[in-house]
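Listed next: structures, encoded as structure tokens.
In the two complexes that follow, subunit A is the common piece, with subunit B as its partner first and subunit C second.
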Partner chain A sequence: MATTQLDRPSRRGVAVRSRRRSRDRSGPTAVLFSLPALAIFAIFTILPTAYTFVISLFDWNPLNVSQSTFIGADNYRKLFAHSTPSFAASALTSLYFTAGMVIGGTAISLAIALLLSRGGSWLSGVRVAVFVPHVTPLVATSIVWVWIFNPQFGLANAILRWLHLPAVDWLDSSSTAMPAILTYSLWHEVGFTVVIFLGGLAVVSGELGEAARVDGANRWQEFWYVTWPQLRPVTLFVVTISTISSLQAFTQFFVMTEGGPAHATTTLSYLLYQEAFVFFHTGYAAALAVVLFVVTALFTLLQFRTRRSTLS
Partner chain B sequence: MATRRRVAGPVLRRVVAVVVGLTFLGPFWWVLVTSLARTGDVYKFPPSLLPHWHWANYARAWAAAPWVRLFGNTVLIALCTVVLAVVTSVLAGYAFGVLRFRGRTALFTVVLAVMMVPQTVLLIPDYVIAQTIDWLDTYWIQIIPFGGSVFGIFLVRQFFAGLPPELFDAAELDGAGRLRTLWSIGVPLVRPAVIIVALNVFMGSWNAFVWPFIMTSSTSVQPVEVGLATFYGAEGTDWTGLSAAVTFTTLPVLALFLALQRHFVTGAYSAAGGLK
Partner chain C sequence: MRKTRVAAALAVCALGAGGLAACGSGSSSGKTTITFMEAMSSGTLKTSMETLTKRFEKAHPDIDVQLQVEPDYGTLRNKETAALSASKPPTIGQVYSDWAATFAKSNVVVPLTDYAKPADLKALYPSVRDDLYLPADHKLYMWPFNKSVVIQYYNTKMLSAKGKSAPKTWDEFAATARAVSGKGNVGIAIDPGGSAGPAGGEAWFEILSQAYGTPVFAADGKPQFTSPAAIKAMNYLVGLKKAGALTLGKNYPGQVALGAGKGGFDISSVASYYYNSKAVGGKFPMGTAPLPTGPGGTQANQMAGTNIVMFAKASDAERKAAWSYLRFLTSADSQAYWAQNSGYLPVTPAALPKMTDFIKKNPYQKFAAQALTTAKADPPYPWISQAQGMLAVAMQSAITGKQSASAALGSAQQQAVDAMKSGQ
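And now, the complex of A and B:
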């Protein structure tokens, strides 16, 4: 169907091939070709985003939408009201998790990438080992780590006991639950950023480093003054994508702690899920979604920036 | 001293690297050992680090949920999503990469803007939409929304933009339709991009949890990961059975990864865009 429609103008345009004409001919084809993807985006992403804003202005009744009442900015005012867990508390929890993932993830993956770079084929096996966790489903491997962090019989406390260190309650204590989830999440995510850093290191100039060494720089100075500055765009990219993905993290919190104990691991994403699909405070949850959207959008814009600077 | 350092350096580096590698693989070994342990074994100290080949855990876990149906659902959903996403990405990628038309920049900006919206934000409105069009608890709601991939369009467009535009003009002169040109000349030339997009979408679909968990309620349409979470919720203390279920639900993904390892790494670079 599409073919016959597109054939006609193309035959007509054979004689004269001005840029202007080819532009006119391509128009309908281009629209037709991009339509399937754009239609899906429009129905399931763009309109729903606008719809979220609308819902956030209502006292939304999920069981009977027609009984929803317009309440203006009340849901947003509620963000600053006292509730358990409060918006502010879960925003801080999100910040805790995101900071841990970004700082810890960047440092660890850069260190592993430096360890594995220029190692030849011998070290590629290690690279595979580091990358494997990243492809595993979050539900499955979160369950494994709940078992590892089991206070009585888990591997984590067995290692501590073997080292003659005191046992830790891990996921059962509000002070160690987040570090435990961070450990799991780093194990799951770091492989991806190691590969990104290895890609960055592959294009780092070896000559500059050699020149620095000839001038008497030691290994650390060479890294700090020569290698690291060249990795800045890659690092910025890793930082922004880690921020975006950490803000959305949900599954490990659902499986490992359900936001507890005592809301210690209730992040914004978890609070949103809980308010919307457990307590059915849909309007309030939509206001949370709007906040999450604005923050994510800002970081995505930053990511576009870094990507452009990397390309040029 | 310099020579000693030259010898010690690489050896030390290798030792550290192997320790790092084994640390990352540790949890896999631990779950495998637990899945093959007798129930009493897992409550001992020091924990046994060698498997006891007690396969009964697998039989028990396999009988506890309709895994065949769940696997079937997962494969069906993942494959349909891949086909749809690849088709829409190739079509749109061709439009944006090869064709020149008015409004191209504006439309492409719309595509990029889609990237700014995280899935978490879409859960509420898409749930309401699915409710309205009667798509809750169906395959459709798990397939169609993921049938468009910004990453896919972006990658295919980049591949097309790197090809000489005359390729498509010449074929057009021969009278072949755009669609036929795209299929016979375009697709084979952007095959690497198609493979990366397919793999990316497949893994995303296979590992999805929040979306199907919210949008579905019956095992007849649910994927494996939701079934696994349900099993965990019901049998949260049967660690040997849970470990067996974790093992057999994760093996297909691991096998796919080991078979197509190279493409996964290229895919990671492509996701980083221009960092090749």
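And now, the complex of A and C:
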């Protein structure tokens, strides 16, 4: 059907509409409409964050604020002098967990996504089964896994005994506690990242793979040189999300090990909780929170930078 | 439209008024309302607390007591601290004595000196009475509530199968625990707790150290974790672990193993009787006995449990009403009812004649009450809980073989001394 003169939008008309749209987005009406969201964000996020920074400069007494004293950067200095568990040791524990979750989680979820990407009703059922752990409550499933890892009655040791292997003190040994928590966390989190990868695989060009196969590429070469590069933006997204959530992970450490044994699972998040809500060293805990915020923000910025340079 | 607006405005006003009436304590229509934040949240503890409170309200129609029940002690402390931070504390609250020391240091609790008469104090067991004062100014800040000591629970069937009976000394205990272990059974399962807070296993370590001659805290609160007695106590536990007679766990592992018929013993509070009996569920006769003794028959036990403090924000009328309630709770009648239904021990010997039939049926109450006369509470200083958490970490390190007993205790001692210095 031919386009008539009336149907075609005039250049002037487009310019007017564009100006109006721009004015709508920055005008007082737009600000008015944004105010409720801004107010909520300010009250529940920006102000508490700023207040946390203020508290970090005080020897804060939560029971009687009038007894709080300004100590400047002393809480930040204590981060590097505080006794066991030190800030550095907890940061390393956090990095251990984060590395396990990011590297292990990304590899496992990509592998599962590749296996499930072919489709079919049976595989759809498997996709649901893989995703279901992610929607279960962390506290409830952590408790279930505490029982799985119970040295005397747990399923994990029952399997080891069945295989005639020695029982393991999963959550009560410094060397196995973190791997045990990583196992649980991967079980819980992988479903989400599998879905992200499946989304990425759905838009990967089949023609390129076909061309590679015609050129004699085997399955591995096709994945490594054709599929994987096309999944790079999705992988970066998964890595960013996994890094942030792993650095902030708390529930499983609280429920399964309480940071033990012998501080083997005391991450920065757990240390922060302990200092703030068990020992009530509020100022020190606020300094920890500020540092954790900065570390997370830096990681995220770094990953966004990498993403931008990769895309360009 | 106008009608809708008026209705909405009225609803807001009604909600606001209701909220204001519900918030906090105070006096209205001649009735004084007091709030009591506590953690008696499950089983017979909850129902007994509610019954006692109803009895009090019936006897004092001018006082309304609102129980603010928290699920556990950790949450209780957080809620009390949050309420104090918001300047809206309850009238009275359940506390461990080191919390009371922290609260008193911040001037948010008041001494009970003006209320408690010498006769009120004389009625209490001396060990219970001594635990009510804070060393900073030697004033009476607390009133007793739920008190307990530690006893041994055991699987009589498992012990008699090995020709054993309830051990009388800690050496006998170790031999019996070793004898019953193996083939999926373990002598005892314990949870030392962690850096965030100690659990029952840590309390047992404190008792062992005391039985071997030196308590882990001096009377002035100074940590004594590296004493020969403490090292001997730690090596005792390490030896049990190496022999396969002790295992670590979480969430009352001793009770779980005993209840499943897989554990020989549980060393736990007398208040666990109800929960242990429920776990065993009649599968075998559950034995109870006093704690074994140390070398030379040294008896050692720990008086655990909490007291009650009065917060400084309360008005004079509320304080007066709260004191009536506290006095009611420690009366002989109330304590007899409380002990028979909650499993805790009465804080006054005057309750014992009112519990004759109960004691006949539950002999453990008699030897536990006797232990209360000699048991010691941990000294009330702000750093004690944190230092106990450090001991729990030392136990984890030593028992799992990460460090030697003396190295683990040495490290805990250093940290506890630092905590003491910063808490003073």
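The rule we apply is simple: the second predicted complex is superposed on the first by the 271 of 312 C-alpha atoms of A that agree within 3 Å, B and C clash if a C-alpha of one lies under 4 Å from a C-alpha of the other, contacts with A are read in each partner's own complex, and residues count from 1 in each chain.
Note that in this section contacts are C-beta pairs under 8 Å (C-beta built on N, C-alpha and C of every residue); 3 or more make two chains touch, one makes a residue touch a chain.
Nothing here was measured: the structure is a model prediction, and the numbers come from that model.
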item	value
Which of subunit B and subunit C A:85 touches, first, second, both or neither	second
First, second, both or neither for A:73, with subunit B first and subunit C second	neither
Touching partner for A:278 - first (subunit B), second (subunit C), both, neither	second
Partner chain in contact with A:174 - subunit B first, subunit C second, else both or neither	second
First, second, both or neither for A:251, with subunit B first and subunit C second	first
Of subunit B and subunit C, the chain that contacts the larger number of subunit A residues	B
Partner chain(s) touched by A:48 [first = subunit B, second = subunit C, both, neither]	first
Subunit B versus subunit C as contact partner of A:153, first or second or both or neither	both
Subunit A positions touched by subunit B in one structure and by subunit C in the second	62, 65, 150, 152-153, 277
Subunit A-touching residues of subunit B, taken from the complex the two chains share	13-14, 16-18, 20-22, 24-28, 30-31, 34, 42-43, 45-47, 87-89, 91-92, 94-96, 99-102, 104, 107, 110-129, 144-145, 147-150, 153, 172-173, 175, 177-180, 203, 206-207, 209-210, 214, 224-226, 228-229, 232, 239, 242-243, 246, 249-250, 253-254, 256-257, 261, 264-265, 268-269, 272-276
Subunit A partner contacts - residues on subunit C that touch it in the complex	74, 78, 81, 84-85, 102-103, 106-108, 184, 186, 189, 193-197, 247-251, 253, 256-257, 260, 262, 386, 389, 392-393, 396-397, 400, 402-403, 411, 414-415, 418
Contacting residues of subunit A [partner subunit C, same complex]	61-65, 67, 83-85, 146, 150-153, 169, 171-174, 256-263, 266, 274, 277-280
Contacting residues of subunit A [partner subunit B, same complex]	2-4, 6-7, 10-11, 14, 19, 22-23, 26-27, 29-31, 33-34, 36-38, 40-41, 43-49, 51-52, 55, 62, 65, 112, 115-116, 119, 122-123, 125-126, 128-133, 135-141, 143-145, 147-148, 150, 152-153, 155, 158, 161-162, 187, 191-192, 195-196, 199-200, 234, 237, 244, 247-248, 250-251, 254-255, 269, 272-273, 276-277, 282, 285-286, 289-290, 292-293, 296-297, 300-301, 304, 307, 310-311
